[in-house]
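Common to both upcoming complexes is chain A, partnered first by chain B, then by chain C.
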Partner chain A sequence: MREQAIIDGILTEAPYAEGKVRRERRVEFKVPADRIRDFLKLLREKGFELMLQITVVDWPKDGEYELVYQMWSIEHRTHAMVRTRIPRELDKARMPTVRDIYPVAETYERDAHDFFGVYFEGNEKMEMPWILDDTEQGLFPYRKDFDMLAYVKKKYMILDRFDENKDNYVI
Partner chain B sequence: MVDWRLFEPLFDFARRKSLWIVAFCTGCGGIEMPPLMTSRYDLERFGMMPNPAPRMADLFLITGYVTPKTLKRIIITYEMQPDPKYVMAHGSCPLNGGIYWDAYNAIKHLDRYLPVDVIIAGCMPRPEAVMDGINKIMEMIENGTADGWKRYKENYEYYKKNQDELFGEGWREREARRWIPWLMNRKKEE
Partner chain C sequence: MMVSQSELVKEARENGMDLLPLDKDTYELFFGPQHMATENFSIILKMDGHRVVKAIANPGFLHRGFEKLAELRPWHTNIALLLRICVPEPDVPEAIYSMAVDEIIGWELPERAQWIRTTVLEMARVSAYLFWIMGLSFKLGVYTAGQWAAAYRERLMALFEQLTGARVYHIYTIPGGVRRDIPNDAWLRRLRDTVEYIKGKLPDFDHLVFENYITFRRMEGIGVMDKKFALAEGVTGPNIRATGVPYDVRRADPYLLYPELDFEIPVLEDGDALARALVRRYELEQDLYILEQLLEMGPPDGPYKVQDPKLKNLPRFKVPAGDAFAHVESTKGDFGAYVVSDGRNKPYRVQIRGPSIAHGIRVLEQLLVGARIADVPVILMSLDNCPPDIDR
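And then the complex of A and B:
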């Protein structure tokens, strides 16, 4: 199987990672957060030329963020998801940047910093304003524990419009 | 000295027949503009035309949800337009938030920040509905009820208070200080 051969070729050089085949043309790796740079360098050598996206998933019950690096290989015609987990607390949610390996990562790292508060060390554009406006800086509105409705009520002053528990819906 | 107010009905008739649009597409309604402009629904038969600069425009189409960051640009663009100016809002998002009623980053009532003349209901309104709204605004222009630009002048304190509450006091200066040096540097690089 072509996908299994790709995984085996990668895992012999990266014993710290786990890999499995999701389905045809879709493979998945799990990597510890501190080895992500080594692993992505290796993936780049092995023919994964493109980084499509960095996704952050918030798992508040586990107290962790899951970062998914989506890679695409034109050579193998295969999509690889590299999953890694980091703690969810804002002062501990730090990752090494992969901007020098995949330059496109700059955009997605700034995205993750704006919306989730993950800090990518080594990316010097991290502190620059990105999508969010000044008033929303530092709120990290995509975190699951961000109280959206209270913030909306305060910001747009629509206190009379919605009831707190959504059973009584007042418009 | 001619009293130009006598000619207002004539001017209104002329304004109604030559609405130029600001090509400022916010939100999903920008996608409804190409069928409106091209041969199927052909807006140009009403004398409407997408316009490259707000300085020459009459009608401001707000096509979809408005974020606070876009609203700053919308307000500045609106104030750049010369005086008989009309605003038409598409869809339920500028009206009351629509599906973004609990989103942190979409404004809920556009008419608190800008005077809106016509709001078209729908999510997203079909081109037929937009044409209906355009008919409505043409009627309103002709009988003089599309007076948003007058209301903006008369009630400027109210609109300014709401804008300042949303963006913070002195937001125009802050935006200018942030973006003008960036634009100047860009020109130098080129």
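And then the complex of A and C:
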């Protein structure tokens, strides 16, 4: 099987990772957070040239963020998900940057920092404003414990049109 | 009452605005979001005379938090939300989200649903390319061609309206198939007529835009990127094919009916604005050819969506725990969605990967350096930057 051969070729050089075939043209790797740079360097050498996205998934029950690096190989015609987990407390949610391996990762890392508060060490543009306004910095609105309704009511007072019992919305 | 410039300068400084001469020759210029070429996107340019010294992309004017909102709504309701991520071709976000959900559930689509989805995606591509020709010719100053393109796109809008009930935002592709069937055979005939009509009009566009001396003078050798740079920056779609990489999702990761269709992937080597424009022009021709093949094939008989009792009660529609990544080729590039489900009636996480996040930020900043100010809209248009899929 073509996909299994790709995984075997990568795992012989990266024994710290786990890999499995999801379906045709889809493979998946699990990597510890501190080896992510080594692993992505290896993936780049093995023909995964394009980084499509860095997705952050918040799992408050486990107290962890899951980071999924979406990679595509033009040579092998295969999509690879590289999964890693880091703690979701804001002072511990830190990752090494991969912008020297995939320059485009700089943009994706800024995106992840703006919405989730994952800090990528070594990325110079981490503190630069991205999509959110100055007043919204530090809120990290895509975290699961962010109360959107309370924030909207606080920010846009005019929208608070509930009646005294807080049951019905008054137009 | 006349206000002297020094008073304006003073007032601007007091309000924290530094859009003023930095020294004798250089100054800062806010390009957008009001500028027509940038479409709700802003670039902060540091200019030396009429040359750009430094460019900083400044996104965020279209941020509506779709990914967060999608976590609060039932699976099918999200279609009406996520399609607003790509304005010129809203069928693409619908299709990737539906494909990812189909993959998590493990549904095999009926052939008729696959045919309709492929046709709708190709119609969306043609209409998005016509929209892009309109934008390009307005920026080049060839207004006639732009108005033609808008008028021809209107024919596709009318077809979409007959098929889906809406002109721009169709809300048509749903997990499990499509929302309703093809109205009648007359619709197929009208689609065939429209494809023939637009195909007959392509030479006019060539005469006026793509073989025009002005186009060559304005676009040749501007915004050049090479293969290595494009790959490292994650550029996809026509922009990477203009640098010589034959990467097309329809070929590389075939979905729906594309394995059965015959089409070419136009590739040019130059990597400048002209090459990117010409690749798009050739692709428009290929898309019309694909539509002809689909019409030749005809819609297969059978149901237009999956026959599953789950689809009878949509508010309680649940998706088993799992995740999937699906992507399609849009006119802007590789458009992908990553969907995570935890078994409830709402998605746990939806992330949309817009192609412009790769070529609209870092690539744009680097290509603009050294360009003249009149070339900034041309470079933006040749990259086909679509701000809503950066901001989401």
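Definition applied: the second predicted complex is superposed on the first by the 157 of 171 C-alpha atoms of A that agree within 3 Å, B and C clash if a C-alpha of one lies under 4 Å from a C-alpha of the other, contacts with A are read in each partner's own complex, and residues count from 1 in each chain.
Just so we're on the same page, a contact is a pair of C-beta atoms (placed from the backbone, for glycine too) under 8 Å apart; a residue touches a chain by one contact, two chains touch by 3 or more.
Predicted model, so just to flag it, every value in this text is computed and none were measured.
Asker: Do chain B and chain C fit side by side on chain A in the superposed arrangement, or is it a clash?
Answerer: When both complexes are placed onto chain A, chain B and chain C end up clashing with one another.
Asker: For A:L52, using the defined touch cut-off, is the partner it touches chain B, chain C, both, or neither? Pick first, second, both or neither.
Answerer: second
Asker: Thinking of the overlay built on chain A, is A:W130 touched by chain B (first), by chain C (second), by both, or by neither?
Answerer: second
Asker: Of chain B and chain C, which one touches more of chain A's residues?
Answerer: C
Asker: One more residue to check, A:Y16. First (chain B), second (chain C), both or neither?
Answerer: Touch status of A:Y16: no partner.
Asker: After lining up the shared chain so the two structures overlap, which partner does A:V152 touch, if you call chain B first and chain C second: first, second, both or neither?
Answerer: In the superposition, A:V152 touches chain B alone.
Asker: Under the stated touch criterion, which partner chain does A:Q70 make contact with: chain B (first), chain C (second), both, or neither?
Answerer: second
Asker: Looking at A:P141, would you say it contacts chain B, chain C, both, or neither? Reply first, second, both or neither.
Answerer: In the superposition, A:P141 contacts both chain B and chain C.
Asker: Across the two complexes, what residues of chain A are contacted by chain B and by chain C?
Answerer: Correct list for chain A: 132-133, 141, 148.
Asker: Quick check on the complex: what are the chain B residues that touch chain A?
Answerer: 68-69, 96, 101-105, 107-109, 165-168, 174
Asker: List the residues on chain A that touch chain C in their complex, please.
Answerer: That would be residues 25-26, 49-53, 55, 57-58, 68, 70, 72, 74, 77, 79, 81, 102-104, 106-108, 111, 129-133, 141-142, 148 of chain A.
Asker: Across the complex, what residues on chain C touch chain A?
Answerer: Interface residues on chain C, with respect to chain A: 58-60, 63, 65, 67-68, 72, 231-234, 236, 245, 247, 252-253, 325, 327, 334, 336, 338, 340, 348-349, 351, 353, 357-358, 361-362, 390-391.
Asker: Mind listing the chain A positions that touch chain B in their complex?
Answerer: Going through chain A, the ones touching chain B are 132-136, 139, 141, 146, 148-149, 151-152, 155-158, 162, 171.
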